[in-house]
Amino acid sequence: MHVTVQCFARLRELAGAREWVCEVPAGATVADVWAQLAGRAPAVSALASAVSCAVNAEFASMSAPVHDGDEVAFLPPVSGGA
Amino acid sequence: MHVTVQCFARLRELAGAREWVCEVPAGATVADVWAQLAGRAPAVSALASAVSCAVNAEFASMSAPVHDGDEVAFLPPVSGGA
Amino acid sequence: MSAAGLAIVYAPLSCDLVVAALERQARQVGEGCGAICTFAGIVRGTHTGRAVRFLEYEAHERLAVNVFQLIATEAAEHWPLSRLAIHHRVGRLLVGETSVLVAAAAAHRAESFQVCRYAIERVKQVAPIWKHEFFQDGERWVEGALADPANPLARQEALQRACT
Amino acid sequence: MSAAGLAIVYAPLSCDLVVAALERQARQVGEGCGAICTFAGIVRGTHTGRAVRFLEYEAHERLAVNVFQLIATEAAEHWPLSRLAIHHRVGRLLVGETSVLVAAAAAHRAESFQVCRYAIERVKQVAPIWKHEFFQDGERWVEGALADPANPLARQEALQRACT
């Protein structure tokens, strides 16, 4: 199945793209998507311990399952509001 | 000497006028001006214990002296700011 | 602290204009202007269950501006790098209109909230301004605090409400 | 609490427009709308001593609006008769421009200050928005809090800062 990976801010720069369509096996989790991203763009690993994620515009945990067509977003620490 | 007496809000209504030129003797205080006002418009006495005063747009005490040409303002309890 | 705008106003109050003027002033100070907190007091449609037709505000204008300056000076003692604007409207106001607008600028948000809250508390305590309520079924003058800017307890209460 | 306006915006933010829309909504609620507190976050000309050329804000827009709604829902648990608006600008901002505008309406002023402060604290903690600073001599991404809306300690801290 396919999911759309979205990266923001510095993570976007490290990933080299804002969006990327990724193929993952059935039963995959957000963590599996992150591992694929880190394989493709190793520089993102610098943020591995400081990343939040969202699936289809809702916060999700790394252990959450993903489904075909999902949008999986990875978020570095935030800095809005000022 | 003459001072201009100014009354505001409900006190203005009780006094029957916003401004009134009052003749007072040399050495008079704000309290003397108030007494003259109360003589002319006894209804203002309802606010006697709840009035602040200002001379020439600065807060003053009832015991402050007044001088020829002063503006003496009497202020009921305030209610601005909301 | 000096004042970007301390005024009694006869026309509708604009938050955008007050904020823009305050920002231009506050950006020159200290770390600059990163935060502006505003408070707008607004005419409610009912008061103690009575339907409001309109309000009329009256002020001792020169004294009110002097009092606003005093409040700005007091705030400067606690928050020397903040900047303050206070605009109070007078005349007839309809439901939904803004009667008072306080804006406080600082480098950081905590200070902007504190200065703004302090200032509106002091305006209510000591500004020589009066509210005349006109209801569907009558009218009344509102009389709150005996204005005494030298009262230390009132000032202390305003500081506490500012969460300092 | 429902939302008069929870939005990611590509154009300059207007306090007057947000306040007017919020007042129209809040006047229908409880004792009506007597108080609106706003907070504007503003681009400062220097940061940690470096001269700022401009900032660029980026957001996960759909998630950000969902987070603003979550913040409004949280605020409603504490202040059920208040109303909240949150507008955050994205794109390039110059010094003096407003990046975020929070407005909180209530019948009385204490509640309006609390809701406004709570909301801006939560925006900073959890909204998926990023600030990219461009200086005269370089640039950097600002990275603050790991966004976790379920973290009870962060929410508790926001409530404390709101002076509840």
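Just so it is clear, A, B, C and D label the chains in written order, and each chain counts residues from 1 on its own.
Everything that follows uses one rule, which is that a contact is a pair of C-beta atoms (placed from the backbone, for glycine too) under 8 Å apart; a residue touches a chain by one contact, two chains touch by 3 or more.
Remember, it's a predicted structure, so these values are computed and weren't measured experimentally.
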item: Touching chain B and also chain D, the following chains; value: C
item: Comparison of B-C and A-C (more C-beta pairs in contact); value: B-C
item: Separation of chain A from chain C, taking each centre as the mean of its C-alpha atoms, in whole Å; value: 48
item: Approximate Å spacing (C-alpha centroids) for the pair chain A, chain D; value: 25
item: Centre-to-centre distance between chain B and chain A (centres being mean Cα positions), rounded to whole Å; value: 73
item: Chain B: positions in contact with at least two other chains; value: 82
item: Junction residues of chain C - those touching two or more other chains; value: 34-35, 41, 109, 120
item: Arrangement of touching chains [line / ring / star / complete / other]; value: other
item: Pairs of chains in contact (touch as defined earlier), listed by label; value: A-C, A-D, B-C, B-D, C-D
item: Residue ranges of chain A in contact with chain D within the complex; value: 6, 8-10, 12-13, 50, 52, 54, 57-59, 73, 75-82
item: Sites on chain D touched by chain A in the complex; value: 41, 57-60, 62-64, 66, 88, 99-100, 120, 123-132, 141-150
item: Contacting residues of chain C [partner chain A, same complex]; value: 34-35, 109
item: Sites on chain C touched by chain D in the complex; value: 14-16, 19, 23-24, 27, 31-46, 95-96, 98, 107, 109-110, 112-113, 116-117, 120, 161, 163
item: Chain B - residues contacting chain D, complex; value: 82
